[in-house]
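Here subunit A shows up in two complexes: once beside subunit B, once beside subunit C.
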Partner chain A sequence: MTTKDKYKKVAYYPGCALEGTGHAYNRSTKAVGKKLGLELVEVKDWNCCGAMEVKNIDPKIQTYLSSRVMSTAANEMDMDVVMAPCNGCYHNLKKAEYDLANDKESAEVVDRLSKKAGHKTYESGQVETIHALDWIKDSIGEEGLAARVKNSLSGIKVANYYGCMYTRPRHIFPEKDQGPGSESTSKPHFMDDLLAAAGAENVDFPLKTACCGGAHTLSDSDTSTKLVLNILKAAKLSGADVIATECPTCHSGLEMHQIRAEKMLGETVDIKILYFTQLLGMALGLKAKKVGVHENVSDSMKFLKEKGLG
Partner chain B sequence: MRGLTELEAVFDAPPPATGIQAAAEDLLLASEEVLEHWVTARGETPTRDEREGFRLLALHRQGANGDPSFNACRETCREVAYHYNLVTMQPEHADITNRLSMMGLVSKHLYLFISGKLQVAGLGEFCCSSKPIRSGNDIETPTQEEA
Partner chain C sequence: MPIHEKSLIRPENLTTHDELVMDGVDVSGHWSTFIETRVVKDYNEDMQEEIAALPGGEHIHRCWQCGSCTNACTVHAINPDFNPRYWIYLIRMGYESELLRDKDIIWQCVSCNKCTYACPRDVFPEGVMKATAHWLEKKGHTEKSPSMHFDEVFTEQIVKTGKIEESRTIRRFFSRTGQALMQPWMIEMVKRMLKGLPVSLLTRMGLATLIAPRTSDWSKASAALEEYIDEQHEKQAQALSLAELVETAKQDVAA
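Take a look at the complex of A and B:
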């Protein structure tokens, strides 16, 4: 079976953020999938991936939590691909996969906890974890996407912001940096490629993988606000109208600290923040509400209407 | 080595009407000094070596040695070097002021990232990925009996 066919039906792991602050990402991912004829089967009774909090206290417990999600997909749903749109979930599942393949102690802890919890132990390699970007890029591709565009994104200048967890650390993403066609860890481009196929003009954005301070948005809000403000300013200086995101933590951080920067520092940066799936959905002819634009913190409706979208 | 507050002022300064090249030199030097703070806080002597023609990149490599999380600012360092080249190798370019401004923003990001890491618990855990994947000092893993 080709990758293209394999990705047509995948196990969907939305993760906690997509049920809360990132609900618009959840809604738009599902809507885009449906529009493209791709099937998502939500992982049954999924649990937290371990996020940042568990990982920083005990990485092996995080490995177990992520492995349980993969075990359910593989052993109870007979799926061989898990798609996680959240960078945190995606990163953690990939890390768990790496740990289980390379660290005997992690494998032992996972086996012990799995038996105690009463489910089959996940064995490294049973599933392939992919991001929403891989899913669309490899199942539909740029040409396929361009052929389906109803409302071109032409006239919209986009700064593509990938955040830090989509490509780091490099060794847990063995499929990246494999030459033409593969994703790059230093200069990721899958989101750029998809949005360009939908007609958008991507700008050269030097902070596309820079830290947004997301992990410390509450414990060190001032630094997070300054980091986000810097990202917003750099995107604006790059000539962008919109920052496209593919991570709910980055997205929420950009939106909330955009407001906080205005209140606390008196600095306003007029730039829109939208999930790449929202932009793609509208390019495919979906209404703004269908892709959850009304659920974003920032208001992009006027801008989108001016561009003939939504 | 200037203090962090003094360095922040360098990054926040608006681009000058003249002396763009000198401003780019100062931004590069200030970025190196930010990395010197990090390396010094780790108890090491900042290197005078260069990588790919930049001391900045050698300092980053030194700062990331044994701390993979520090690679979270690797691309930012490379972008500082790239924008320095843009400004200094094409001094007559029509977009020179914007290029310098962008170098300032990228340099400031490096400053914010590293000064954040320095602020929180010394060499703390500012970055969510700041623990090495296999740090060898994992805690709280249940024993077989507990599990």
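Take a look at the complex of A and C:
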């Protein structure tokens, strides 16, 4: 089976954020999948992957939580690919995969906890975890996407923002940095490629993998506001109208601290923040509401109308 | 200058003499800035081992002080006092009193993993930062940091229900850290959210705060996790000789 076919039907792991603050990402991912004829089967009774917090209490608990999701997909649903649009979920599943293959102690703890919890222990290699970017890029591709575009994103200048957890640390992403065609951990380009195929003009954005301070968005808000302000300003100076995101934590962090910078520091940066799936969905002919633009905190409706979208 | 001597040139360690004559030579003023001699005797020889016993700290011994971590560090860029390389050095030397000068900022690591990405020795500095923050807290050098409170509220909810419901987590975090939820920027954000949201979604979110989403069939996993967490606490307390510490303190009080 080629990658193209393999990703046509995948287990879908939305994760907690996509049921809450990141609901627009959930809605737009599903809408884009439907429009592209890709099937998503939600992981049954999924649990939280551990996000960015559980590892600070104990990394092995995070490994267990993530492994349970993969175990369900593999052993109860007979799926061999899990697609997670959230960078946090994607990262944690990848990390669990790595730890289970390389760290005996982690594998022992996971086995013990799985047995007590009454489900099959996940064995590394049972599933392949992919991001929503891999899913669209590998199953549809740029050419396939360009052929399906109804409303080109032409005239929209986009800064592609990937965040931390999609590329770091390098060792948990063995498929990246494998030469032409593969994703790069230092200069990721999958989102750029897809949005360019949909007609967008990608700007040269130096902070693609900068940190938004998402882990401490509430516990150390001042630091997060400073980090987000850097990102917003750099995107604006790069000439972008829109920052495209691929992570609910980054996305809500950018939106929240855009407001916080305005209120606390008196610094206003006028730039739109949209999930890449929202931009793709509209390029494929979906209405703004179908991709949840109204669910974003920042208001992009007027801008999108001006650009002939939504 | 070797970095462990950095402390010597701190303003408070310099003495200036307005009038000082040595062997008949007047060395007052700018030239008479002397560094106090000092001998460090309070090295904590167990510090590296204790931090290595906490999750994330396992590989601290690999560090060869290249500085890639600090060079790549997100927090260092906005606060030059945040210096992972320096802290790793101090820990490995056992220079506890110096480390304690920075005890209130170590928890601020944002886990962006730029250090881990850059580290040529696989020290996993991000993990070392977390282990160090835990060590400071477990040893009683610091209060629980806001981040630790957040991690705990978050983990407790997952262990209990299998899932996170964000508004519940946020409310619990604010109440546990004694902060008002009604901060101006928070209100502004909710206002902007409400503007575009459909009633159905609002109802769903409202309901979620009342009835937390749960992973079904979670109770056995929950029990297994609780048991594991207790077991790990016990292990860590042992590694840090906390029981011994408490016992000594008790005897001290009794005497």
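Here is the rule we go by: the second predicted complex is superposed on the first by the 310 of 310 C-alpha atoms of A that agree within 3 Å, B and C clash if a C-alpha of one lies under 4 Å from a C-alpha of the other, contacts with A are read in each partner's own complex, and residues count from 1 in each chain.
In this text, contacts are C-beta pairs under 8 Å (C-beta built on N, C-alpha and C of every residue); 3 or more make two chains touch, one makes a residue touch a chain.
Everything numeric here is computed off the predicted structure, so don't read it as measured data.
With subunit A as the common reference, subunit B cannot sit beside subunit C without a clash. For subunit A, the partner with contacts to more residues, out of subunit B and subunit C, is C.
Judged by the touch definition given at the top, the superposed model places A:47 against subunit C, while subunit B stays out of reach.
Of the two partner chains, both subunit B and subunit C are touched by A:210.
Of the two partner chains, subunit B and subunit C are each touched by A:227. By the touch criterion stated above, A:260 is placed in contact with subunit C alone, subunit B being left untouched. Of the two partner chains placed by superposition, only subunit C is touched by A:20; subunit B is not. In the superposed pair of complexes, A:151 makes contact with neither subunit B nor subunit C. By the touch criterion defined above, A:109 lies against subunit B and subunit C together after alignment on the C-alpha atoms of chain A.
Using the contact criterion defined above for the overlaid structures, shared-chain residue A:164 touches subunit B and also reaches subunit C.
Residue contacts after overlaying the shared chain place A:98 against subunit B, while subunit C stays out of touching range. With chain A used to align the two structures, subunit C clashes with subunit B at 59-67, while the other stretches in 5-13, 59-67 or 95-103 stay clear. Comparing the two interfaces of subunit A, the one with subunit B and the one with subunit C have residues 52, 55-61, 109, 112-113, 116, 164-165, 168-170, 210-211, 213-216, 219-220, 223, 226-227 in common. Residues 55-56, 74-75, 78, 108, 110-114, 116-117, 124, 127, 130, 145-152, 154-155, 158, 162-167, 170, 173-174, 177, 184-185, 188-189, 192-193, 195-198, 201, 205, 208, 213, 215-218, 220-221, 223-225, 227-229, 232 of subunit C are the ones that touch subunit A when the two sit in their complex.
Contact residues on subunit B toward subunit A in their complex (touch as defined above): 68, 71-76, 78-79, 82-83, 98, 101-102, 105-106, 108-109, 112-113, 115-116, 119-120, 125-131, 133-135, 138-142, 144, 147.
The touching residues of subunit A, counted against subunit B in their complex, run 52, 55-61, 91, 95, 98-99, 103, 109, 112-113, 116, 164-165, 168-172, 186-187, 206-207, 209-211, 213-216, 219-220, 223, 226-227, 230-231, 233-234, 237-238. Interface of subunit A with subunit C (complex): residues 16-17, 19-21, 23, 45-48, 50-61, 64-65, 68, 109, 112-113, 116-118, 164-165, 167-170, 185, 210-211, 213-216, 218-220, 223-224, 226-227, 255-256, 259-260, 262-264, 293-299, 301.
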